[in-house]
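In what follows, structures are represented as structure tokens.
Both of the next two complexes hold chain A, though its partner changes from chain B to chain C.
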Partner chain A sequence: MNEIIESVKNLSIGFNSQKGKQISILRNVSTNIKKGETVGIVGESGSGKSTLALAMMGYIKQGLFPLKGQCLFKSEDLLKMSSRQLEKIRGRKIAMIPQNAGQALTPNLKIGYQIDEALKLHTDLNKTERDKKISELLNKVRLPSPETMAFRYPHELSGGQQQRVAVAMALAGKPDLLLLDEPTTGLDVTTQAHVLELLRFIAKDTGTSMIYVSHDLGAIAQVSDRIVVMYAGEIVLEGPARKILKEPIHPYTYGLLKSIPKLSLAGLPASMPGSQPQPGSINEGCSFYDRCNLATDNCKKNSPDLEHIKELDTNVRCFNYKELINQNNNLQTSITKKSNNSEANEVLKLKDVSISYAKQKFFDQLLNKISDQNPTVKDINIDIKKGETIALVGESGSGKSTILKSIAGLLKTKDGQIKFENDRILSSDLKMRNPNDLRAIQLIFQNPDESLNPNHTVEQILSQPLKLYFNLSGEELKKNIIDLLKKVRLGEFYMSRYPRQLSGGEKQRVAVARAFAAKPDIILCDEVTSALDVSVQAAVLNLLQQLKEDLGTTYVFVSHDLAVVRAISDRVAVLYQGRLCEIGPSQNVYKFPSHPYTEVLLGAVLEPDPDIKPKLVAEDIVEEKPPEKGCSFQGRCPRKIGDICNSEVPPWQIGENGNAIRCHINIEELASLQQ
Partner chain B sequence: MLLLILKRIGLGLITLFIVSLITFVGVEVLPGDACTTYLEREAYGAALDACIKRLGLDVPAYERYLDWASNVVRGDFGYSLSGEMPINEVLGPRVKNSLVLASVSILIGIPLAIVLGIITALWRDKLPDIMISTITIFSMTIPEFISATLLILIVAIWLGWLPGIVIIPSDATFYELLSNIILPVVAISMIMTAHMARMVRSSVIQVMASDYVQMAILKGVPYWKMVFRHVLPNALLPAINVVALTIAWLLGGVVVTEVVFNYPGLGRLVIESISNRDLPVVQALAIILASIYVGINLIADLMTLMLNPRLKSLQIRK
Partner chain C sequence: MESNLITEDKQKNKLEKAFEILKTMASKPSGLIGLTIVLFHVVLALISPYIAPYDYKAISPNTMLLAPSAEHWFGTDSLGRDVFTRTILGGRTALTVTFFGSLIALLWGGLLGIFCGLVGGKIDDVVMRVVDAFLSIPWILAMLLIVSLLGTSTEVLIPALGFFYGKGIVRVARAATHDVIAKDFIVSARARGHSNMSIIWNEIIPNVRDAILVEGAMRWSWMLLGFSSLSFLGFGVSPPTPDWGLMISNARGLMSFAYWSVIAPIVGLSSLIIGINLTADAFAKALGIDRSTKAPV
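Take a look at the complex of A and B:
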């Protein structure tokens, strides 16, 4: 158990800036990986975690080069090896499971070939043995019908299946060390839980050491024996997983854990101020100084060393870590939010809304109607009160973004009505809406990199809605822009900046400011925090809540992340395949009895706590189309009772908690089943 | 799949039909008709009558179109005024000559372009790339008539290695042609190769930066194996359509080059029949060139369909 497989010694990796300065993005990193151990490397984007992981395979991305230090694999330095030598190690001794298997599998090669390639390179098996091995491997990663699977192309598989193929490929060479670079990021919650469960099984089964790189402490918590926390290219905390997650003694880790929304907690997570420093901007002192609430003058001048604390078996890079010992009860707290006034009027009503993506037939096009018996989204009835935050939750393909687009007028509805203020019907065609209605409903997108025009300054971005809706100009326009920036906690000097000069969180703030510039009644938020780091996500969530409390805006909040939804929303609607499953006040939806699909989703959520294991109750099958009749969840439901589920649409039942559930099982029975 | 191919072919035929209409209408709306245009000052009396009779200009335009179109479908393009013989006889050797010129250019150009593109991409920003890229960009910017003229000046006149202009009858045999077409081929393929090489280069660079190539490296796949199995098939796929466009665009280059080298091909025929005001021939050439254009693009589309596993399985599933 104590044999060291790979050891990184004082590794620094950097690049030459345009001014010819050497800038390091990995600074003096040392760590050891022991045999049979799973080490989680966690950090936010830009912390250098992926660079470290790739260096451990002797791979340095183009443009970067090692400045000093070694990566010793069985006492040989990978960074000094020729590519011929590395080919013998990669895939055979150290194998990689990539972040996005969909992009990491070569599109023109069948997956059988891609696994066979690894087998050919790293084993002495002959053709028949290899074929046998391929189906063995595909079987091991629990892919259905391994024999035919080998003849399929990567794009014919779902995201979860692609990830499993990548795992099979990595296992082909029987490596001593598996490197996993964000292997579950981008997968649906249930799929993610299944893949993690598979990885845990493989670690136990084969005794392989693993390095698990992720930004997601929830995923890390499920697999790691030991955790390494990275910040700004340095290791700031390293120790046994349980200690790190339950009693973090570095202020960054502490803040990070506090900023994660948790299922068990209502209310918003605490956010950390500021953002991670850019590589090259740290000259002296601690790299976390700007964001630390324990910081002293000493921290500004001197940078702390990684100190080993024997009694905790932990390495920590902080002068004041002692202040955090025994502080951990505070981890389970959150900021309570003001709930909205339930007496308020309804501002938006969706009545029997159905939306279809089906291609119109020529004849229907002439008559301008959509004839689709089985539309993507069907029979959505939701009434939204003024000042309320309602969340639409579901996995990819659940139709949540589709509904949002229809409310915004970007997608025509097939049937049903969208009513705005005093039951006035809004046209489903954007061009038919009057300017005031357009102003009243604003949209914030998932990825601010794509929603902000890269050639416009922040001032230009924010002035557009102000000019368009309020005809502002000159001094008044400028004053309004400064006000808006102040509202999203950005200084006046941001006006002349371009989006590329802003951090991810700052960009999303500008996007929020742009939406608020129109003084809207309703803001549609489409996965607004999923592209952000956790600490930044917490800040944006707090900002949205603050703005809502000040201005009385209504949010329709779409997300796949149940914990985020729990934190921000007053009411939750759970969707599967474009059909509503459950709707109710958020504190009740998160309590049993639940719709079986809600139960599956809640079970799959990964909490940053090694003691809370996900419950896998349903298969992670991907259904391409909603079923023609019956319950939408019939294909995956773990509590399916029989033919009635296939033939009849389940009725709505109102539970004692006030949440409505659409299921054939009697609600009391459901409650007792789920206890 | 079959349905899709038929659909594409159908679309191509519709395009050709429209081209034929446009050329026919274009000729119709010109002042005068084919005979007065050709005969110019002699357009009177018996000569004009004979010509009108010869071309059947005494019937209404739509009848003439139907007549002409059905003949073209059967492979008969009508009667050349200046050659005083059926157009098919004029065209035959010309088509063959141009085909030889174009196919030799393509056969040399495409493989060369692919090899150059790959070399420049794999040695990106190193000496081979810098040298080849400089040359390709240089040859891309010089139009054919200049490069052709320069070639004649340097190779034919100063060095005296090859004949400057092609002096062979239009019905020369294949071997007679080959020895004469070296300079025209160089002139034509220079630009074409340069364009395609640039295209292949950027495509390969893009694929080299992809996640799956990084994955292949981390899987321990040896470099050249990775290049041939993981990079090239994916990099060359999008290049097919560009190659088709380049080839179609080469038609224009062929016209210019043939004129400069006095090469008896289709291109020179275009110029000749325009300056002779031989409208039936111009009409026939328009249709032929359009068919080549449509045909090449059709082949490229079908090849992309065959080679891209994504599109292939998509079609099968439907």
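Take a look at the complex of A and C:
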């Protein structure tokens, strides 16, 4: 167990800036990977974690070069090897699973063929041995019916299954070390939990060492024996997983853990101010100085070294770490949010809404109707009160964005009505809505890189709604823009910037400001924090909550992340395949009894705590289409009771907690089953 | 990476931006060479009438096919005209015709491409089919038909060339629009209720402009070659106006013993084409467009 497989020594990697300056993005990194051990490398985007992982297989991205240090794999320096020598090691001794590896499979080649290619490349087995090995590998990654699986094409597999194939290919050469760069990012919650469980099993079963790179402490917590925390190109904390997660003794890690929303906490997570410094902008002192609440004058001038603390078996880079020892219980706190007044009037009602993506037949087009017996979204009934935050949760493809688009008028409804203020029906066609209704409902999108025009300055971006809805110009326009920027905690000098000159969190703030520019009644938020780093996510969530409390805005908040939803929402609606499963006040939905699907989702949440393991109660199959009749969840339900689930749409039942559940199982029985 | 740093603060006005792009283009040797060649040709075209040592149309039987000498640097042609004079004047028509031709190609190609990308669906299909069908006729035949019906005046040549070279631009503009239109900022603008015109003008054009301009610059060099081929075949510029294509055509029979009269126009033509090509490439790189991945001709 104590044999060291790979050892990184004083590694610095950098690039030459256009002005000819040398800028390092990894600074003096040293760490050891032992045999059979899984090391999690965690850090926010830009912290250098992928650069480190790639260097550990002797790969330096184009434009970068090693400034000093070594990467010793079994005491040979990978950075000094020729590409021929590296070829012998990569795939055979060190294998890698990059992000989206599943999607990177060659689309027109069968799965079996692709694994066979990997085997040919990395082993000396003959044809029959390889064939045997293929089914062995497919078995090992727990793909269903390995015999037929080999003859399928990648597009015939779900995202999680594709990722399993990628794992199988990486295991083809029996590597000693497996590098995983964000291997579950972008997968559904339940799929993610399954893939992580598989990785843990493989680590134990084969004794392969693993390096698991992720921004997600929840995922890292599930697989790692040891955790390395990176910040601005340096290791700031390193130690046994349990110690790092339960008693973080570096202010950054402490803040990071606090900024993660947790299922057990109802309030908003605390956010860290500021953002990670850009490479090259750190001159002297501690790189975390700007954001640290323990900082002293000493930290400003001197940079701390990585210090080994023997009794904790931990390395830490901080002068004042002692103040954090034995502070652990503080991690379980959150900021309470003001709940909205439940007596308020309803501002938006969805009544029997169905939405279909089916192409209209010619005849139906003439009659302007859509005939689709099994639409993507069906029978949605939700009444939204003024000033509340209602969340729609569900896995990818559950129809969350589809519903938002319909509310915004971007997608026609098939049946049903969307009623706004005083039961006035909103046309489902954007062009038919009056300007004031358009103003009243605004959207914020997931990825600010896509939702902000890259060729517009912040000023131009914010002036669009102001000009369109309020005809502002000149000084008045400018004053309004500055006010908006202030509202989202950005200074006036941001006006002349382009989106590419802003950090992820700043971009999303601009997007929030643009939505608020219209003085809307309702804001539709589509996964607004999923593209952001956790510490930034916490800040944006707090900002949204603050704005809502000040201005009385109503949010419809779409997310796949149950912990984020728990933190921000007053009420939750759970969707599966475009059908509602459960709806109720959020504190109650997170209690039992819940709908079997809610139970599955809650079980799959990855908490940044090694003691809370996900409960995998259902298979992570992906269904293409909702079932024609019966319960929408029949295909995956772990509590399915029989034919009735396949044939009859379940009735709504109201629990004593006030959450409504749509299931054939009696609600009291459900409660006792879930005890 | 550095340009992403949050330190670049001031907003640059258009002129400064253009200057910046020029600077980036000139920072690589290939871009600098391209720019220099193009600049040289443009300046030459502007001043050549004033610096030409001889009358370009003065025929003189006494000076037929003289080899290069101090008086006639590039020698004389079969009619005794000074080749140097004719060479430095020979790019003027080609440059003017193809420059305006490219503008026309950019305009119709760009607008139609944006339109097709925007509306999509059936209309897009039909328009693209028609464009393809029209242009699957070999362009040179079609050009010959046009000039034989309408004559070879620049009023005919400019729109005709512009029309034929717009096809590639339609495709690029359409593809670029397709890319942009799926972005959330367009959805966002639609959801706010902006008019279609405002969306095209504010959201789409700024994001497809660069790709279209680069394609236009590329097409310019091809059009130059096309135009010279027409002249070579006798359907471009009419004699005695000096033109490289025409000069090459007239002198090619004499190549074996009076090589000078053909080399000078060839160097003129090919250097300009290479220059424009290099410039267009540098332009694309300066704007961050990778032509190697995005050339759906």
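Quick note on the criterion: the second predicted complex is superposed on the first by the 672 of 675 C-alpha atoms of A that agree within 3 Å, B and C clash if a C-alpha of one lies under 4 Å from a C-alpha of the other, contacts with A are read in each partner's own complex, and residues count from 1 in each chain.
One rule holds in what follows: contacts are C-beta pairs under 8 Å (C-beta built on N, C-alpha and C of every residue); 3 or more make two chains touch, one makes a residue touch a chain.
Given the structure is predicted, the values throughout are model-derived calculations rather than measurements.
S.K.: Give one word, clash or fit, describing how chain B and chain C relate on chain A after superposing.
M.R.: clash
S.K.: Identify the partner contact of A:171: answer first if only chain B is touched, second if only chain C is, both if each is, neither if none is.
M.R.: After superposition on chain A, A:171 lies in contact with neither partner.
S.K.: According to the stated criteria, A:56 is in contact with first (chain B), second (chain C), both, or neither; which is it?
M.R.: Touch status of A:56: no partner.
S.K.: A:29 in the overlay: touching chain B, chain C, both, or neither? Say first, second, both or neither.
M.R.: The answer is neither, since A:29 touches no partner chain.
S.K.: State whether chain B or chain C is in contact with more residues of chain A in the superposed arrangement.
M.R.: Tallying touched residues of chain A, the top partner is C.
S.K.: Looking at A:90 after the superposition, I want to know if it touches chain B, chain C, both of them or none. Which is it: first, second, both, neither?
M.R.: first
S.K.: With both complexes superposed on chain A, which partner does A:468 reach: first (chain B), second (chain C), both or neither?
M.R.: second
S.K.: Need the overlap of the two footprints on chain A, from chain B and from chain C, as residue ranges.
M.R.: none
S.K.: Using the touch definition up top, name the residues of chain A that touch chain C in the complex.
M.R.: By the definition above, chain A touches chain C via 15, 17-19, 23, 278-281, 408-410, 430, 433, 435, 438-439, 441-443, 445-447, 450-457, 464-465, 468, 493, 496-497, 500-503, 514, 518.
S.K.: Please give the residue numbers of chain A that touch chain B in the complex, ascending.
M.R.: Result: residues 54, 57, 59, 62, 83, 86-92, 95-96, 98-100, 103-109, 117-118, 121-122, 153, 155-156, 166, 169, 173 of chain A touch chain B.
S.K.: Applying the document's contact rule, which stretches of chain C touch chain A when the two form their complex?
M.R.: 1-6, 8-11, 183-185, 187-194, 202-203, 206-207
S.K.: In their shared complex, at which residues does chain B touch chain A?
M.R.: 209-223, 229-230, 233-234, 237, 307-310, 313
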